[in-house]
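You will see two complexes here that share subunit A, one where it goes with subunit B and one where it goes with subunit C.
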Partner chain A sequence: MKKHLNTLFVTTEGAYLKKDGQAVVVSIEKQNRLRLPLHNLDGIVCLGNIMCSPALMGACARAGVSISFLTPYGGFIAAVNGYSPGNVLLRREQYRRADDPDSTLHIARHFVSAKIANSRSVLLRAARDSRDAESKSALQSTAKLMMRNIRAARNATTLDSLRGTEGESANTYFSVFNQMMSNRVKGMEFTFRSRRPPLDRINALLSFLYSMLTHDARSACEATGLDAAVGFLHRDRPGRPGLSLDLIEEFRAFLADRLVLSLLNRKQIQARDFDVTESGAVLLKEKPRKEVLAAYQKRKQDVITHPFLNEKTTVGLLVHLQARLLARYLRGDIDDYPPFVWR
Partner chain B sequence: MYVLVTYDVSTIDKEGRKRLRQIAKICLNYGQRVQNSVFELLVDPAQWAECKAKLLEAYKPEEDSMRFYYLGANWHRRVEHAGAKPGVDISGPLII
Partner chain C sequence: MFTDNQLLPISALQHLIFCERQCALIHVEQLWAENVLTVEGRHLHDKAHDGPSETARDIRIARGLWLKSNRLGLIGQADVVEFHRGGVVRPIEYKRGKPKKDASDRIQLCAQTLCLEEMLETDIDEGFLFYGTRKRRTKVEFDASIRDLTMRKIERLRQMIEDRETPTARRMPKCEKCSLVELCLPDSQRFRNGVAAWNDRQFHCDDDVDDVPETDPFDIGLDLLEPR
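== the complex of A and B ==
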């Protein structure tokens, strides 16, 4: 069983990462600040202008530690991974299924219905906690709509209609996003989902966390021996990790959205924690970014029981487990892919 | 599991100083240095077996001594730090 290992985030501009023995050393202005054995790490995420020695990249590739280079705001630039592990037969099977419209639809249906089911659970959870009668009923009626969409997704006959259902659910879900916040502050309203660039503060937070999630899903695919680039719901596009994006659909609401809501409700993140650029793009400042990362890492260490495997795991390991379940399904070890549905 | 490794290596001769460096290097590959000859290692049983074998290979039983303290999985409540140079919590958020 894979263990939940830690991720090292480097956010200090100009930091230099090097290898020393079997460990990574972070040095800032020629001073060694941190030294960590590689076997304690699952991945290294470099945000912003971080340098990395070739020797370290090699050692990480050998030790199975993935290194990702991201923009300061979480946009993905590049990753260093070693040889793809696992089985070429598994990857071939993945490609075959991805080329077959029926199989693709079958798998994509699971991703989408689980995504809608999990966002519905988030809505219902927020409705239970809400003190405002009006938001409560709005959330509950949206949850009802979502129930219909789950059925529509399960019975979708074409990929396009499935994507339509997904888009519609996302729209209705985000239309009541404001109602899920318990204390609404000026400047912290959600308008509509915008990305590249995010146009308001909440979108900036969401986008940032989704990137972190994608990084995790990508390493989960790599570690399982799946090709992170070939997805079922997401079509191939150069540079797009299609399968990682497929896998995170189940987790967006459960992990990222709920974390955003609790950060806002606890006032851990406030309006002054963002920069608004001239183009209208909204970006997280450096210090609150660290706070968000810490909250995300902490959340990943929470223990939950996996609904399908019925085993205790950490939240951070869930995406790895799902990648493995998908691989087992592709290999034919289990009859169907069980997506992660939060109860 | 969490293991605390401490050692005393005789440094009167050149050989001893060499052993000291070797042992420190092995420990550094598996864990973090918390004091001069005190290391904390977060390892799984296989990694620990590997590390221990290397350490016992490197030391000289007649002159040096090594002590291993097993702090188990619930080590968080068994470790307390006071004063300068606090260690890093390897299982906590690692953000720099």
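== the complex of A and C ==
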């Protein structure tokens, strides 16, 4: 895994994307502002009111570049993906496994146990770096509690009990989320996990980054030939990318949560970067949104060693590798799916 | 006789000879990825197909000629075919780089020849491979042994595609040159029957709080003395 392709994020309301040869041109108020060759991209994410020419959509579909249309805050609206007739065999196998309760449970256990293990690792790393004795010990003892959840997830006998363990771990983990912040100021505390809409600033950041991660996972599924909509842990629901959501479980804490903490601890994002609406929903303003996207994109270029393949890769390619390993497992090339476990 | 729905691309023979798994990934699983080599190769072929048919001296030159054989069940395109006065036909295939050790280029040219012979109802006894670095033609004689080898490879290709079989990956030196290596993940095969055990090891963690991951140097900035 040597190359790392880029995602183009378009956040300027009213921008128009069009095709010019084998390039995408971003035009704002009829002025061409940016021109990027398609072969350097693996995805385009349009946030807010962005228009896109049909010719560009066709070219992207052919080039394997996925386009996602999201609300300004990352809520999914629609996606353009190419026709993927190939891998009908792989997809059939995916459906067969998703229909079989034992297979589904087996695969879902991996997603959940890796999610808990990686959340636990985030707590431990933060505990190590913490200068506050109280926080340090709170983080350490919570990490200890989560050990039990990893075991429970590995041994879960039903999907419901597995989801129960997952929920319990998430509560445990988020209960000490504030302890991972160095400069706690009013209005910047984590309260409880809230989505649709996020009710505090940290939830707004988390939800935003989880959406970006989901876009990447969706592209990874498409590129691998998997059906992004048919998950194992996440039940089918029209419009919901079940398998993408399954795949991001391994990465939520490792990638998104740590990035949120870093942005806050380094004061790159502050209380004034959010709008609080009358209904209590908290939204990230436009300029800081760009800052978050730039940080996410930069983070994806960091190099780490893939724990299973033992090969250097970028953080951004991890989810692609996991999709491919899942495909290998479904196809019977390897005897089990190795989830991403950060160690 | 094969129907039009059963036709296989001649180019798949090259993939088959390079690596059966690569061939299956492309032609059974419909995966594709480009690298420098595939892009260069495509440009070379586009160039070879460029330009009008022409007649020079006693030779008529056709480019990018479509080929088909319902007897063999093959379809493809020839870079250049020369039609000499007197009925002699000479297929020419353009290749980047230098002649390969394996027979893949000769087999591809031979398969084109078998199609041409069927379409034109003629016999072709030789053709040429033109290599980019050498910049001259290498003659290929279509004797019984290359024809026989080509027929066997065509049979193997058909069997693999009809059985929808994807052979197991093996890491080989030539994987470095393969554009599909990132989709194939040959290294995951080292663990073929060991992933379950690997998973057990990953999740075996002690309550030891010093068990902190170090594989990722990313820092959340919790220990900043002076917040920036």
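Keep in mind that, in the parts below, the second predicted complex is superposed on the first by the 338 of 343 C-alpha atoms of A that agree within 3 Å, B and C clash if a C-alpha of one lies under 4 Å from a C-alpha of the other, contacts with A are read in each partner's own complex, and residues count from 1 in each chain.
The definition used in the following text is that contacts are C-beta pairs under 8 Å (C-beta built on N, C-alpha and C of every residue); 3 or more make two chains touch, one makes a residue touch a chain.
Fair warning: this is a prediction, and the values are worked out from it, not measured in the lab.
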Touching partner for A:S113 - first (subunit B), second (subunit C), both, neither: second
Partner chain(s) touched by A:G21 [first = subunit B, second = subunit C, both, neither]: first
Partner chain(s) touched by A:Q270 [first = subunit B, second = subunit C, both, neither]: neither
First (subunit B), second (subunit C), both or neither touched by A:S103: neither
First, second, both or neither for A:D333, with subunit B first and subunit C second: second
Which of subunit B and subunit C A:R258 touches, first, second, both or neither: second
More subunit A residues in contact [subunit B versus subunit C]: C
Contacts of A:S53 with subunit B and subunit C, given as first, second, both or neither: neither
Which superposed partner A:N178 touches (first subunit B, second subunit C, both, neither): neither
On subunit A, positions contacted by subunit B and by subunit C: 39
Residues on subunit A engaged by subunit C in the complex (per definition of touch): 1, 39, 85-87, 89-90, 110, 113, 117, 120-121, 124-131, 140, 143-144, 147, 150, 154, 180-183, 224-225, 254, 258, 261-262, 265-267, 299, 302, 304-305, 307-311, 315, 321, 324-325, 328-329, 331, 333-339, 341-343
For the subunit A and subunit B complex, residues of the former touching the latter: 3, 6-12, 15, 20-23, 26, 28, 33-37, 39-40, 290, 293-294, 297-298, 301
Footprint of subunit A on subunit C - complex, ascending: 28-31, 34, 164, 166, 168-169, 182-183, 185, 187-189, 191-196, 198-199, 202-203, 205, 207, 209, 211-213, 215-224, 227-228
Residue numbers on subunit B that touch subunit A, as the complex places them: 25, 28-33, 42-44, 47, 88, 90-96
